[in-house]
Amino acid sequence: MRKELREIINDNTTKKGKIFDYTIQILIMISLSAYAIETLPDLSNQIYDTLFWIEIVCLIVFVIEYILRLYTAKHPLKYIFSFYGIIDFLAIIPFFFMSTTGFMSLRAFRIFRVFRAFKLIRYNKALNRFHLVAKLIREEVILFLIVTGIFLFLASAGIYYFENKAQPEEFKSIFHSAWWAVVTLTTVGYGDIYPITAGGKFFTFFILMMGVGIVTIPAGLVASALTKAREMEEEAFLKDTEEKSKMDEKNVLKKGKQDNKS
Amino acid sequence: MRKELREIINDNTTKKGKIFDYTIQILIMISLSAYAIETLPDLSNQIYDTLFWIEIVCLIVFVIEYILRLYTAKHPLKYIFSFYGIIDFLAIIPFFFMSTTGFMSLRAFRIFRVFRAFKLIRYNKALNRFHLVAKLIREEVILFLIVTGIFLFLASAGIYYFENKAQPEEFKSIFHSAWWAVVTLTTVGYGDIYPITAGGKFFTFFILMMGVGIVTIPAGLVASALTKAREMEEEAFLKDTEEKSKMDEKNVLKKGKQDNKS
Amino acid sequence: MRKELREIINDNTTKKGKIFDYTIQILIMISLSAYAIETLPDLSNQIYDTLFWIEIVCLIVFVIEYILRLYTAKHPLKYIFSFYGIIDFLAIIPFFFMSTTGFMSLRAFRIFRVFRAFKLIRYNKALNRFHLVAKLIREEVILFLIVTGIFLFLASAGIYYFENKAQPEEFKSIFHSAWWAVVTLTTVGYGDIYPITAGGKFFTFFILMMGVGIVTIPAGLVASALTKAREMEEEAFLKDTEEKSKMDEKNVLKKGKQDNKS
Amino acid sequence: MRKELREIINDNTTKKGKIFDYTIQILIMISLSAYAIETLPDLSNQIYDTLFWIEIVCLIVFVIEYILRLYTAKHPLKYIFSFYGIIDFLAIIPFFFMSTTGFMSLRAFRIFRVFRAFKLIRYNKALNRFHLVAKLIREEVILFLIVTGIFLFLASAGIYYFENKAQPEEFKSIFHSAWWAVVTLTTVGYGDIYPITAGGKFFTFFILMMGVGIVTIPAGLVASALTKAREMEEEAFLKDTEEKSKMDEKNVLKKGKQDNKS
């Protein structure tokens, strides 16, 4: 019976497994929607009560899901400390404070309900290729982060030097200038902070000419790595097929020889 | 005669077919321009009358076009429920309310005139490659949408947590914060809503460092898929040419043998 | 002597040709700088006079350059109506009104001085590859422009429908809404016009999710085409080298045979 | 002993070398953090004193590092005038003014402390590939800068023509308009300066349709060059491996022959 349960929970190719998966996914989305609706101001008591009961139901289902995953896991301890195990646990933390302290503590622990969003990742097959992409560009991403870090520091220090006197309130320190650097180099440009001196504007021009290139590097990295990942997967697939067809050929030849002999 | 008409309407390689196609395309653009001009405030009655008669003429031509397409279609029902059939029908809906309720209802139904924009897609040959691109990256696009969805939710919930107390009016709920998340992660940054607390600014920094990468993924996907699609089309073309040339070679050889024999 | 002049003007590999090229390029940049400085308000008369004489010198040099290019051209008429011939002519138009109407007309015709910027393009060798890139993606760029056009129209019509009642001044007509669509879909987001209704914000979300993809398509197109162009150039180069080395081999063999015979 | 020191300083594969490298890197980051914290207004004297002593310690360590690098360098003069030599020297300039003029001059020379950020680059292995990328796209980057320059000039001159009369304060001259052009074409869009006339808005539309393409070219360039660089490195690696395995084969064959003989 444990084996049967394991198949339902972990194997999403069987019919029962699919029903289980989709149920969990829909409950996650309902739970997240309820969480978002709760933040709306001026909700009527009726709606609030409904949201409360939806949360109770979702919570109980996720607790049952956690127990079942623990029960059917080949190595329960390994599951508990795995990425998904921790996520599953964080998502049900409010449960442990429910019976003792009642309704209010459920509100206090509602931040843990956000972690349910991560539970959705489990059900996505295409993530494999992105794993490969991440592996391929890990080195460059680290480089990119270091370069971006140095670049942000230099941009912040530079604009502080140019604008601090003209706008002492906006460019109060390098940390305040760093907010400008982040908003500008990502090209968001809210308009709450921008240079007004000629020197600051000229500096911004140079920083942007170089920064737009740096900010767009990840796009280039992902693009080239994705092409590579796709090719690697296809090559692996082709190799598999070729080997199979060779095996088939050999078998046919063998059979032919045997036929000749006999 | 029906066959002749079908050639004119569906075959854009003949001279008559080209004239028909360009006429419809120009009328669509005239109709859309008239629609846009109508929304301008303080139009003189004369201009309004002109726009009205332009609309009447376009409408009648599109009705005739619809009837002709229906008449010449090999499977009329199939055409009616095809993508272009529905678009063609939506574009002429105002016609059915014209005679009975007169001029005013034409205004009420003018939203349907917007669908004429979709009629333009029919005349574009290069869309085929984008179909192939769409097919190649369908899986990644779905993944991208799920990841973007989760990411937007986490960004909204996070900024709500940081900014709700400092700016209760702007970050009223997670839904209001979602507007901030959309405007920020697409790097539009109108400046109507932005974090002012140190925590919110720091959170925005992290979200942007990760979000700029996520928003630029589609560019990478389209770039890599387009390269792939182009290669696939060229390979298919080369294969065709090779096969043809082989056939030609064979024919030449055959002929050569026959010549030798005779 | 005409032949010698032609070499100086058109051949940038000789020493004299290089000096001529760099002189013209530096003069173009001086002329454009003078043009920009002239627009500064509150200039002293002295600076103004200096800028005037700089312009006179540049103008005379460009007139001489035009006459020389005309004189040394193998087909003068062909040069006059070529892209660079027209640019060269537009850049010296103020000259023809100088003697008769004096200083003021020079100001009136100063817009033609802007065309001198295009003269700089002539001196760039790397433009060849971009010609090839433009050729490779011409079809897609046209498709992209049509799709962008349809998309901008639909976005404008949609936001007009949602926001016109709430902000009658900002979203006055579809044309006014088109300004919003352009500023939003390019992710510039000045903040002078943005949706305030829930419907308009939701519509913006959808438009952005699709629009960011459409706006980033050119980057993908250029990236894939540039990879292709580079490969094509390298293949062409390799082919050339191979053919040469084959020729060399043949020559060696031939020579070897001849040596054997003798 | 000099040789031993050289190994510690320049060889980051040994244990001692790693400790030396990480110590320097951590000190650089501490020094930069102290520099940024110093710019915060309203710091208590206690914090200020701590920051001062942190700076003194870092400065002394960097001076010792510089002396050691000079002492262990095979060609001391070459090191002094190398990129890293200059950076190392700029980072310790405040030291020379410390004893004579005391604390205040340390503040005056604190701008040199920013150069310590560049010292971090030395420790990044992945920069090699970006060197190759930079080499591959040098030609296109120069072209891109020239095209961007011409484009920025034309955009500035054009918007000046359209908006100068309507907004004489914002679009005061072509240089003021250039600020608009930079902020718009990089899609930052602070919202401090934007067109309000119909002509200016139309011009902005065209400039953006073309400019978004130009601004995204670097992304395409980096993407295609990175793919190329990766392939080149892999080919070089494969070639090496092949040659090695061939050598191994030969050796085996040789040995086999010798075995046969004996």
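Residue numbering begins at 1 within each chain, and the chains themselves are lettered A, B, C and D in the order written.
Basically, contacts are C-beta pairs under 8 Å (C-beta built on N, C-alpha and C of every residue); 3 or more make two chains touch, one makes a residue touch a chain.
Keep in mind that what you see is a predicted model, and the values were worked out from it rather than measured.
Chemist: Identify the chains in contact with chain B as well as chain D, in label order.
Modeler: A, C
Chemist: So, comparing C-alpha centroids, which chain is the farthest one from chain D?
Modeler: B
Chemist: Just give me the whole-number Å value for how far the CA centre of chain A lies from that of chain C.
Modeler: Centre separation, chain A to chain C: 42 Å.
Chemist: For chain A and chain B, let me know how many angstrom lie between their CA-based centres, rounded off.
Modeler: Here chain A and chain B have centroids separated by 30 Å.
Chemist: Which chain C residues touch at least two other chains?
Modeler: Correct list: 187-191, 216, 219-220, 223-224, 227.
Chemist: Provide the residue numbers of chain B that touch chain A in the complex, in ascending order.
Modeler: 139-140, 142-143, 146, 150, 153-154, 156-157, 160-161, 164, 172-175, 184, 187-191, 194, 201, 204-205, 208-209, 212-213, 216-217, 219-221, 223-224, 227-228
Chemist: In the complex formed with chain D, which residues of chain C make contact?
Modeler: 32, 35-36, 39-41, 111, 114, 117-118, 120-121, 124, 126-127, 129-130, 145, 148, 178-179, 182-183, 186-192, 215-216, 218-220, 222-224, 226-227, 230
Chemist: For chain B, which residues count as touching chain D in their complex?
Modeler: Result: residues 187, 189-191, 219-220, 223 of chain B touch chain D.
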